[in-house]
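Could you have a look at this structure, given as structure tokens, before my questions?
Per-chain residue numbering starts at 1, and chain names A, B and C are given in the order in which the chains are listed.
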Amino acid sequence: MSDVLNLVLFSGTADKLHAAATLAAGAAAMERPVNILVQYWALDAFRTERIEGNLGLSWDATADGTNRPVGGTKSINWLESLRMAKELGDVKILACTGSMDVLGIERSELDPIIDAEGGIATFLMAAEDGQIVFI
Amino acid sequence: MSDVLNLVLFSGTADKLHAAATLAAGAAAMERPVNILVQYWALDAFRTERIEGNLGLSWDATADGTNRPVGGTKSINWLESLRMAKELGDVKILACTGSMDVLGIERSELDPIIDAEGGIATFLMAAEDGQIVFI
Amino acid sequence: MSDVLNLVLFSGTADKLHAAATLAAGAAAMERPVNILVQYWALDAFRTERIEGNLGLSWDATADGTNRPVGGTKSINWLESLRMAKELGDVKILACTGSMDVLGIERSELDPIIDAEGGIATFLMAAEDGQIVFI
């Protein structure tokens, strides 16, 4: 059994980042290595000037018929969960170089919670045959 | 080979729930155990007062340039597919306790298709090294 | 180790298709077989009359607080990445028969990059115990 849990973060809304962070924290608490690739709108959310802000919610929160009050998105403290995951275990966070190019984001603009830059090949090599979850 | 298929349901729109239900039914028909964690907007959709209703479609259905008529979302009978999956095989559906807290949803509000409540750790333990699909 | 990488394409926006295509290309370059099931709005995007067009971006691109200019979505050449993946290695693309029914799409309307039609069972059989990524 390869027990690496691999997450690709694509979405930059607080609810999806929270779902990702709690999976990472759960796996780290079980002593599983966690390997995270941050892409696209998630990468945008990891910029220093945005990461502590209100990142909004996914489309599902407002899709037809939903409109359920969630008590404010600030109660979804995804960043605290992700920091906890890093304290609990071996959690590596990689900024996707391809997305940095597409979005025009420099490493210096990203929060230091990011450990390194890397591409898909780096991510897939580290992923081994562990689970890959795209969020 | 661990043959457990693990699904995390995050989205509460009919199209994504249908994609999830058909994966579950396909795996159950192949005699694979299926382990489902219901989170966030999917959990909201599993409330008794919403589960039989029109849950709308994902953003992709209306994204720029799409606007393709789908013949009405009621033709997407995701709940029937999920019930069939449970009849076909070993399909366990867990309400995510973290999401119940965030959304303020009580167990008594949820449809009885939900088998139990549980957190990320419970889900990950049951997931073993089987595939995890986040929908 | 089963090294098949399995992708379920659900979303039809250029950013998500690009994320999928780069994963496919990365895996193909590592000599891993890639098995792709094209569903719902992704299938709609694979219609001959849409596949070369502007497919827009996911909700995340415009979610509250984002609105970051991406330099035009035409710079996201997902189709070129997917064609490269097919040249690099063993990449099979399956049109989901269930989605063809729901959306009323005929095989003759689909771009020839699609290799065959098939259902969930066909996909899951080919997926073996490799990773499944839903995008």
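As a convention for this text, a contact is a pair of C-beta atoms (placed from the backbone, for glycine too) under 8 Å apart; a residue touches a chain by one contact, two chains touch by 3 or more.
Remember, predicted model here, so these are calculated numbers, not experimental data.
Chain contacts in this assembly form a complete graph, since each chain touches every other chain.
Where chain A touches chain C, the two copies mostly use different residue numbers: shared numbers make up under half of all numbers in play. Between the two copies, chain A and chain B, the C-alpha superposition involves a rotation of 120 degrees in steps of 5.
Averaging Cα coordinates per chain places chain A and chain C 22 Å apart. Under the contact definition stated at the top, the residues of chain B that touch 2 or more other chains are 2, 58-59, 130-134. Chain A makes touch with chain B in their complex at residues 1-3, 15-16, 18-19, 22-23, 25-27, 29-30, 32, 58-61, 63-66, 68, 70-71, 75-76, 130-135. Within the complex, the chain B residues that touch chain A are 2, 8, 10-13, 39-41, 44, 50, 53-59, 98, 102-104, 119-121, 123-125, 127-134.
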